[in-house]
Amino acid sequence: MVGLSVGEKHFIQGGIAQDLRSDGRKRLTYRPIYVETGVIPQAHGSARVRLGATDVIASVKAELGKPSALQPDKGKIAIYVDCSPTAAPMFEGRGGEELSTELSVALQRCLLGGKSGAGAGIDPTSLVVVEGKVCWDLYIDGLVISSDGNLLDALAAAIKAALSNTGIPKVDVAAETTSDEQPEVNISDEEFLQFDTSGIPVIVTLTKVGRHYIVDATSEEESQMSSAVSISVNRKGHICGLTKRGGVGLDPSIILDMISVAKHVSEQLINKLDSEIAAAEASEEES
Amino acid sequence: MEVHREDGRSQNQLRPLACSRNILHRAHGSASWSQGDTKVLAAVYGPKAGTKKNENPEKACIEVIWKPKTGQIGDFLTSLLIVLAFEVWYAGNFQNILHWCLGKPEKEYEMILKRTLESICILTVNPNTTTSIIVQVVNDDGALLPSAINAACMALVDAGIPMKHLAVAICCCVAKTGYVILDPTKLEEQKTKAFAYLVFPNSVHSVLPEGSLRVEGEPIENGIITSVTHGIMPVDDYFYCLEPGRAASVKLSDFLRRNLQQQSTDSSKAG
Amino acid sequence: MRGLKLPLSQTQRVRLQRAFEKLQSLSAKANSDASLTVADTIPVNYEDAFLKGHGTADLNGELVATVCGVVERVNNLVYVRALRARYKPEVGDVVVGRVVEVAQKRWRLEINFSQDAVLMLSSMNMPDGIQRRRTALDELNMRSIFEENDIVCAEVRNFQHDGSLQLQARSQKYGKLEKGQLLIIDPYLVKKSKQHFHHLEQFGVDLILGRNGYIWIGEHVEARDSMVIDQAKNIEQSTVVEGINQAYTPLEMRQNICRIANAIRVLTSLGFNVDLNLIMETVELSSSLKIDIHDMLGSEFHVLVAEMEAERRSLTTKRKR
Amino acid sequence: MAAKPGSAPVTYSPNLGQKTRPPIFKDNDLDWVRPDGRGFHQCRPAFFRTGAVNSASGSAYAELGSTKVIVSVFGPRESKKAMMYSDTGRLNCNVSYTTFATPVRGQGSDHKEFSSMLHKALEGAIMLETFPKTTVDVFALVLESGGSDLPVVISCASLALADAGIMMYDLVAAVSVSCLGKNLVIDPVLEEESYQDGSLMLTCMPSRYEVTQLTFTGEWSTPEINEAMQLCLDACNKLGKVMRTCLKEAASASQE
Amino acid sequence: MDGYNCVFNPLFRSKENRLTMGLPNASGDLSTEVEVDAFRRLFPLRFYEKHLLESIRPDARPLGRARETTIALGAVASANGSALAKIGSTTMLAAIKMEVMTPSLETPDEGCIAIDFHMPPICSPIVRPGRPAEAAPVVAKQLSDTILSSGMINLKELSLVSGKAAWMAYLDIYCLDADGALFDTALLSAVAAFSHLEIPVVSLNDDGKIVLSEEQGLSDREPVNKERRKINLSSIPFSLTCVLHKNYILADPTAEEESIMDTIVTVVLDSSSQLVSLHKPGGTVLAYTSAIQDCIALTRQRVKELQKILEEAISGMEVD
């Protein structure tokens, strides 16, 4: 998508080798992060994250549904990403299809944990109202508005911010009816219960160009990527998911090294993100 | 033994035939063919340059588009409406999109029609061209595929496409063992156990003496171009069908010749 | 001024506001009444003959603007200059473009214009510098001169009847640009000036302000007297890959390039016109205050630059008056 | 007389209640026995054979336990006209399931991302610059899904590429590991996959000892990651040997 | 990890007989070998006619002989009935999955069969993932016509509870390798799949849904279809495709032969030698009565061969 001449590629690789990227950043510094929450009123929770020129919106909608027969004690969470043609002309029609499925799968892999629900960022058992009968279904939608590289990290940050902004209406079961049919439920629209979003991981994408790897790559730098590893780390330092993109093979030791670097970088990112979210929540209340 | 048929026809009697050509303004060749209540319109566009993907460029390529009967409004009105809409649409040349989403039965008819017409046309005359034949079903009252083949053949004649010989198609129904009725209506087709569509070359008035045009002891027009059977029948029943089928094909060829001569006399009058 | 997307703290917002008001007051006197929006009638007296220029249309007898912008009058030509539009090329403009396609005897370049510009093989110097007719052999190895995605500097030669643009790269200062970085900004920020090529000796950097908003900042290439250098570089480049490694731009020059690039980014986000001395002042400001290159993009530096620009403008207007 | 092909009546599969409830793991619950009796670190017996499809330029069939996959490779052949000029070759992958592969009919369609993951796994191993401006098509069909389908598809695809004579840096072997409670279970079957807490899939070039693709999900601590990756790398080595013997057999068979 | 003899073993024997082909009279050294290939590709028709003069074919088969045919039952464990059929190198995998449906009002006690034929991109270079091959829907329609009109399966055997529940048999046939005579191999694999079909024992659970009985230990609830495990197939249809060229008749053509000679006659006879279908879609050669009789004779002989092969496969199935 971003055509670069041989000279420019050479310049970028040189910059990364000398730890001074074309916009002055070091290898492991992020572009300025800018978070706004509650951007979509009718959703239960939403957030917009701007990472340099990359701009994404995440929204969370909760609906009452029936838990699946295999896991009666867990709610269902679905993540879907859509690339809007405003981001790049090539996203028109089916162009963005492949990228959005790839992003959706990577997010599901990093945020939802194994099929049994263990290790998920949001504990699905907290979504159950009446076991086996009624539970909350969370529909998380990501929208890419403008793309200048590092979409996965921006989307994960947006989802984390959106979930911290989400309020699920309190539900109390009216009458205890016979086992099989659906108990009627009334939804109170005043008190909302918040999620504890401490467990939600953030994704750090390390892009390897030449012998070094950088964080938060712009689309030009991403086009130079020989391989990239997106690692999702939660506050406890556990790795909740990993996706290796890019064709070139990597020695396993390099991958372990990248994982440790990612864990180190993710601490700063988590703190920065939490402060940004707190600031956004504060500014949202008073405005 | 005599069998009673609803419309009182005898065993080998065909339904009333009607064929008119050059009825469409935009098509290079067109014809409408009706056998009793079964009525089919055929239009020929081309030959146009270029052949479709994985087709042999040295030979002309024939492409068939089968348009089933749609909607219930008066049949003649629907036919004209559909064909006119078709002409406008065809000019926009979107036929392969529609072609792709046709249901299964149309696909089989299209393949049979395409193979049959490829065998009767002389393909080497204009290589690397595509001739599109659009078959529009107006009303289906039995023996649909044979009447479609006859209509397509007449449309090709009208378009002046060079052909080895004409094709004449007939449907023979096997009622009980050994008993064959020709040109069944829809009801008869469903009632009987099995039926066979047969396509023969049309009989030619040859200048040569009687016996010379024989191949393995049979005149040319006995060779089967296309044969499609439905339902189980004993093997020899199939051969019982061939005799009346061939007789009927001679009758059909005469009808064609009369229709063509009557057409040529008009043009000579006009010319 | 366009809305700033930066997270500004309260004090910074106040200071920025004050700087913008001062700027507004300085520049307002010249043509505040002239800016108009679509469908406003343009005040013109109908007696003397006037020419309808770009962005104007007559609606039942009245002259009406079709574009939002500023009315300009050049003796009897009346036209509306749009505030923010894609690049409108004029003959003689220095432009920087990216090769999109290698076609028959010509390259197609993307220059931020409604159509791709065309650079004919015949309208540029041959690699070996000799002036001769182009043979089929040249046509075959066009790709050795420019290939897809190469950055090329050229000059607008003329318009063809079908509206497409023809470029020429006849003189030595035009040609392929390497070892540097390209910035894409709004074309209307780059004013047409005599000199678009700037060689900044103190930084050893070449700065090319393309009229089409493509700005190239790269390592300085000595007097580009002939294309011979290009050919030498090609051979060296194509033969050995690791040869490229040591040829990285030295760190010190790379810092200068990045500092200048960030300066231009700050100026464009503030919406100021981009010309040489403004860039130089911004760079000196950032190096004098020892601001790290990356922090130049932070909101604090934006405010400082806005204030600096406000004072400079007020000084110049005082001197002029 | 004929069945009603037109109106497809709504049908449901009778074996809905087949899946047993997921067993709950105590922390050190070691008496967990795998449904097919294998050890935790034991892969299913692998059967590989090349030359399964004659009309393809290269093809291979792989069978691990009840997972059966056929891959055929066409090319390098001329790519579609829409493609931009590129001086390196292009790889085009497509993975599809038969309707009867999964226990419940039609579940194959929710593995849409396998095609792009296969593409990423093979991209690093193929010398793309040896066939510029052309495309190599790799098509895979999963005949029966018996668990860890993608790793079997990747290994089988690299065999098919070798059979087609496409120049590659090395064969590609892939293995997946499931984490059930505390124990790591290699090459999981469909049932184990349905209630795994976490899973790791590793694709590597055995002799060059390079990882071309790695994805894992669920919560892992770093020591667990090391152990799982080591487990996968050894399994890939063994799998690489089996693949090599299969290729040698095919070569010797064609010499006779 | 030892490789073991798997169901798909027959899939691979074809590689060998491909190499024994060669002009019987060509001299052995390599140069003519290469010329033969070039000649075969440049003038395919003349190459074939040279062979037909001596009534032999390039793969050393006499004109009337079909290629080597094998059937392997039970290839797919996740299906109720499956079979892999291979004629020469054309390979078809057919599998049946049984699902429950509510029968229509007109035929309350009849089940239903949905037949679908797929040509995945792996089977031939012409098929691309996006666009299905043109031949696929045509073969699918012919297959469903032949199987349903042959009366091989009595739909009444598929009913469970009259008016309330009946079986819907989804028969899906996948072409794994397309090398000519697709219809014959597909029909053979479908017939083999039906002969291998095991109808699951089901019973009605409390909320009226049909569920596998041995699943939830509902042994107390008596199964709905205890006795009928196998479908008895009455008249089994078998087919042979022949290619007519001048006055030669070539049985069981390969893809190359089909592409060169365009007159194809497919005769389908059932085990009681009734004519199920005779399908000749056009083609330059006109079929005279004598030619059709020859084709039918060849088909009768082929039906006997296929019946023997099917019985062997079924008996083999019972043993292990």
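Letters A, B, C, D and E name the chains as they come in the text, with residue numbers starting at 1 for each one.
Assume contacts are C-beta pairs under 8 Å (C-beta built on N, C-alpha and C of every residue); 3 or more make two chains touch, one makes a residue touch a chain.
Labels paired with UniProt names: A = Ribosomal RNA-processing protein 42; B = Exosome complex exonuclease RRP46 homolog; C = S1 motif domain-containing protein; E = Ribosomal RNA-processing protein 43.
Every value quoted in this text rests on a predicted model; they were computed, and no experiment measured them.
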List every chain that touches both subunit A and subunit E.
D
Applying the contact rule given earlier, which two chains have the most C-beta pairs between them?
D-E
Which one chain sits nearest the middle, judging by mean Cα positions?
D
Counting only C-alpha atoms to place each centre, which chain is farthest from subunit A?
B
Distance from the CA centroid of subunit B to that of subunit C, rounded to the nearest Å?
70
Can you give the whole-Å distance between the Cα centres of subunit A and subunit D?
27
Between subunit C and subunit D, the Cα-mean centres are separated in Å by 52
Taking the mean of the CA coordinates per chain, how far is subunit B from subunit E in Å?
31
Can you tell me which residues of subunit C touch two or more of the remaining chains?
148
At least two partner chains per residue is the criterion; list those residues in subunit B.
104
Using the touch rule from the top of the page, what residues of subunit A touch 2 or more other chains?
none
Using the touch definition up top, name the residues of subunit D that touch subunit E in the complex.
1-5, 7-18, 43, 45-49, 51-56, 59, 61, 63, 66, 68, 70-72, 74, 77, 94, 96, 98-103, 105, 137, 139-141, 143-146, 238-239, 242, 246, 253-254
Residue ranges of subunit B in contact with subunit E within the complex
54, 100, 104-105, 107-108, 111-112, 114-119, 196, 201, 215-216, 218, 220, 222-235, 237-239, 242
So, in the complex, the side of subunit C touching subunit A is made of residues 5-7, 98-100, 148-151, 176-182, 218, 237, 244-245, 247-249, 251, 254-255, 258-259, 261-262, 265, 292-294, 296-298
Of all residues in subunit D, those that touch subunit A in their complex:
16, 19, 21-22, 112-113, 116, 120, 123-125, 169, 178-179, 193-199, 204-205, 208-222, 225-226, 229, 233
Of all residues in subunit A, which touch subunit D in the complex?
69-71, 98, 101-102, 105, 108-110, 112-116, 118-119, 227, 229, 234, 238-252, 255-256, 259-260, 263
